[in-house]
Amino acid sequence: MADSLPPPALEVTGLRKTFGDFTAVDDVALTIAPGGSLAVVGESGSGKTTTARMIAGLEKPTAGTIRLNGRGRPGVNARTSERREFAREVQMVFQDPYASLDRHQKIGDCIAEVLTLHTDLRGPARAARTAELLEQVGLDERHAASLPRALSGGQRQRVAIARALAVQPRLLVLDEAVAALDVSVQAQILTLLQHIREQTSVAYLFITHDLGIVRHICDEIAVMRHGRVVESGAADTVLTDPQHPYTRKLLDSVPVPGWKPSRVLATADTVPSVPGTEASKGDAGNRP
Amino acid sequence: MIWRFIARRTAMLVVTVLVASIVIYGALFIAPGDPATLLVGGGKPPSPRVIEEIHRQYHLDDPFVQSYWRWLTGMLHGDAGQSLSYRDSVTHLITDRMGNTLFLVAYAALLIILPGVALGTLAALRGGLGENLITVVTTTLMAVPTFVISVLLIWWLSVRWGWFPAYGSGVGFAGRIEHLTLPALALAASWLAYVAQVTQAAVRAELASEHVETARSRGIPERFVLRKHVLRNAAGPIFSVSGVAVAGLIAGASIVEQAFGVNGIGALLIQSAAKQDLAVVQTLALITVVVFVAVNTLVDVVTAALDHRVSLEAGA
Amino acid sequence: MNRPQPLLAIDELHVTLPFKGQPRTVIQRVDLTVPAGSAVGLVGESGSGKSMTARAVLRLLPGGARTGGKILFDGADVTTMSPAALRKLRIHDVAMIFQDPRAHINPVRTIGDFLTEALVTTRGVRPRAAEATVTALLREVGIADAARRLRQRPSELSGGLLQRVMIAAALAAEPRLLLADEPTTALDVTTQAEVMAIIDEARAERGLAMLFITHDLALAAAVCDRIAVMYAGSVVEELPADRLHDGARHPYTRALLASRPAPGSGGSLRAIPGRPLPAYETGPGCAFGTRCSQAQEVCGAERPLPRSGGGGTTACHFPVDPLVPQATTGAGDRSTTHG
Amino acid sequence: MSSYQIASLGRGLIRSSRLRSFVRGHGVLAAAGAVVAVVVLASVCAPLIAPYDPNAVDVMAVSQGRSAAHWLGTDDTGRDILSRLLYGARLSLLAPAAVVLIAGVLSSALAVSAAWLGGWWDRTVSALLDVVFGFPGLVLAVVAAAVFGAGLTVAVVALSVAYLPYIGRVVRNAALRECQLPYVSALRMLGMSGWRICLRHVVPNLLPIALVQVTMSFGYALLDVAAFSFIGLGTQPPTAEWGLMVANGTSGILAGRPEQSLYAGVAIVVFVIACNLIGNGLSTRLQGETR
């Protein structure tokens, strides 16, 4: 890799997190190119959300390094100014659309507050930028004047996206951001995210349990299990030609036309989790 | 899980009682003036000779930790010192009156728990007009202070109708029943309403719960659904609230004893506080705190045994 | 139709629930049949009334609910059944599997109590015999150390295991119809496959009929014989499961399929504008009209009635001809608001 | 879960059950608000509307029944009972208001800071609340009276301390839940200062909960303060106060003249019922608002 290339939007190596005796995340390595998009796929207990929270700075890693745009991330207890400056590197959209907005703050105020914090925009200029951001996610001034309670789940998730985009981050972490939404609304948000990436060249780290949606939003996939990355690579390759038995089992579990559930799958559960060597081999394929 | 829970709660009990005892003993020293005057009681300045005698007797000039420790170990051995205003040993004062108070509290507890749980369950299961009536009555009763009930009971049942004596503690079991029925009723009234309301709410919540829906969907006879699912699951909160009510009685007893002239430790506490006889007040306050915290701990442990979710949550 | 009498026949079901003293429609019109031994998938988004339909079959609706139309089980109308007959129906004929086993299994009693209770109290089976029966059933649903599990409480079991316990409890009743209300929604995808397989096997062995409630079209199509799609309290389309992917005629069904193309299919994502509506928010016309790209004037004024065609029924004024390929509704248009 | 938490769960259940539909269905909330408003107004305007000086002794009119001159009669020293009720409302309401305000502000500050900062501070605050919870309110007040002498100020301070855990535990639990919500994480990630998140976002969201708790506690505080005066350790004669009036009236009861105790008692009961209904109504509104 030549020095002239821009640093990756996200570079994680040897990431590890333990809670007491329990190892939630074990030796995870991930890389996302500027403007790239990586899906971390796993079931409950795979450590995918803990990984996301460490990258977002909401959880302190036990070991490992996280570099965003070439910069090390400040700790959980970093000074406000440091955090504010770093806010432009990474933002996050959470799963629960009902709890990710302050319920006593109007939508417009919510966006404007962020703009006040991060830009010199004031008065009409700030109002214009607020309207622009909301329009970007498909909301209008009617929504801006309402409280979160008046909005549907999908609309609230749009607001959360607009709030994150207000600081123009280089990386957006989407933690199960569409999991709580109805199928028809999920598709709206995914389409919106596609358009935003085309327009703004923001990079995505898309955390999900749902293999069915990753291809629409991500170029690369990392499959996690028991805190480790078991397979990673280009989305099309992993989805069509999975190498790891667990990835195959995941894919085989997704109902598609002609799919029949069978308990043969259950025996695949007994495949031992793959030792570190194979996992790190998988990681290598993740580099752009 | 349950043993860890018990161990934790017991440790909390010991710590709470220790801190409380420090506060109670320390009260002597945060008061304005010489602590010895508070031990004499009566609020009048005693002669310097008496003060000196008290300082020696209570080791007031020793370092705080030392004198506190002496006081605490004395308490544990049943030696609570002398009350100068009553001219008697504190231990004797208290043991003399303990019986009346225990009888009163036990009587009131009985009056609270059985009718309270029965009324609440009935209200929740029957619904309709009866439930509304019980709700109105219990809401009103919860707002009536113990001392007002006392006054009303004296007025109606004692002065007007002459059913019960208005004053005194009575002797022997029958005499106590006769004298302590009104105080027990007065003490029980608002807590009875509280237990009834909580029971009603807990039973209603279980009636509407998903697992009861499951039981019904399986065609399980309604009487089994009520007994094994609704009442069984409501038992935890009901027991817990009843326990809180009994603990509350211990504190509330003093007002009733004062109103009805019952010769119990509650009335003793108030009277000695009025005389500023701190030796008695300290001992009684410590006993009350110990009993109050012990009852609460016991209730928590039994609730956890009834409903293992409680200990799981506490452990998490 | 000259089919034999179906096991379950729901005919013009209409349900209202009281809201602030006023009745509020939650089910507009459901027509549905489940033949003996077959599986019907009832698919819809949140608020479509699919769960309420399943509950209506066992008369488990919340207090104050009013039901119109008929629900015939084996010819007997559930809505007007005597309490004794209803209890017999619940004990012997219909068993329900709920979405959230953790809430639906009594948390303070043991798994053994839960499983044997129905056998002991409703059929007079001796406790020891009941225990033997449920132990065998637990093995059948893939729980190996059944004896130990019987003494445990729900909080000691994972969600997947609990759902198997729920299935075992349903099977213990030896019913003829299984009502499965989103039985795998709370589970991981690999666990979902296992649990669905268990249900599938148990059904095949016993000749059980099933009404399968889910939001997942693909899953329903995989495990059911026929699919009914619900929207805003009405069944908008009913068709054989194997015709779903290329024979769907209702714009909503087609749009829903396009919202979630299968992982390997290569299909691109198309969103439906707006949000799914509950029945009481719909106007006089077609409930889907406001979100439909093919809506015309009549769609806003007149509610379409179900009409047969192409092996199923469709409630649409302008059903799509599946043979003519076309761009379905409001393709991935970012400007679609009201998400 | 402690028994207190279950007890408050009990209260939560009560709120969500029958009483709630009853309150909502009958406009009781408005009536309760009117009662409180009238009583507060009357106590404020006591000098204007009271027919007599509350402490004016009239030996010619001792222990009279209702009459045109004395609407509610007179007490055993010939003081006008209506005037004493009106004036008495001032202390009877002010003292418990002070108790719940002091306890509410102090415990909320402790609870929010404990939840927000966590760590040793949270453990200290929790332990403090647990220890205070070990003292029944009246016992603490009695000890305080023994040390500092009887009086209303001592009672108010002691009860304020005793009420800390009742408000503090509820607010702390709510604050812990609030701090866990993703919007707080989102604001942290946006680089907002902890102070700003806590004061501008978390605290306003907790305010209604604290307010409901304060309202619900007010009725109990009123009962406790009145009880304290009743046993002779609170307000001292001849000051007019409801609890003291009940106590003063007891001597008349044995003589068959319960009026003074009765009127003061009814005043207490009606006002406390009104407060409890308002508390229930507010918490119902609050539950409707979250989400």
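By written order: A, B, C and D. Residues from 1 in each chain.
Going forward, a residue touches a chain if its C-beta (ideal position, glycine included) is under 8 Å from a C-beta of that chain, and two chains touch if they have at least 3 such contacts.
Model, not experiment: these values are computed from the prediction.
Student: Taking contacts as defined above, which has more of them, B-D or A-D?
Tutor: Most C-beta pairs in contact, of the two: B-D.
Student: So what's the Cα centroid distance for chain B and chain C, whole Å?
Tutor: The separation of the two C-alpha centroids amounts to 53 Å.
Student: Could you tell me the distance, in whole angstrom, between the mean C-alpha positions of chain B and chain D?
Tutor: Here the centre of chain D sits 20 Å away from the centre of chain B.
Student: Report, in whole Å, the distance between the mean C-alpha point of chain A and the mean C-alpha point of chain D.
Tutor: The answer is 49 Å.
Student: Touch graph across the chains, line, ring, star, complete or other?
Tutor: ring
Student: Touching pairs of chains, which are they?
Tutor: A-C, A-D, B-C, B-D
Student: For chain A, which residues are in contact with chain D within the complex?
Tutor: 56-58, 80, 83-87, 90-92, 94-96, 98-105, 114, 117-118, 149, 160, 163-164, 167
Student: Along chain B, where are the residues that touch chain D in the complex?
Tutor: Result: residues 12, 15-17, 19-20, 23-24, 27-28, 30-32, 38, 43, 123, 131-132, 135-136, 139-140, 142-148, 151-152, 154-155, 159-160, 166, 197-198, 200-202, 204-205, 236-237, 240-241, 243-244, 247-248, 250-252, 254-255, 258-259, 269-270, 272-274, 276-278, 281-282, 285, 288-289, 292-293, 296, 299-300, 303, 310, 313-314 of chain B touch chain D.
Student: Quick one: in the complex, what on chain D touches chain B?
Tutor: Residue positions touching the partner: 1-4, 6-7, 9-11, 13-14, 16-19, 22, 127, 130-131, 133-139, 142-150, 219, 223, 226-227, 230-233, 243, 246-247, 249-250, 253-254, 256, 258, 261-262, 265, 268-269, 272-273, 276-277.
Student: Considering only the defined contacts, which chain B positions touch chain C in the complex?
Tutor: Its residues touching chain C are 209-211, 213-221, 224, 228-229, 232-233, 236, 306-309, 312.
Student: Would you pull the chain D residues touching chain A in the complex into a rising list?
Tutor: Going through chain D, the ones touching chain A are 181-183, 185-194, 201, 204-205, 289-291.
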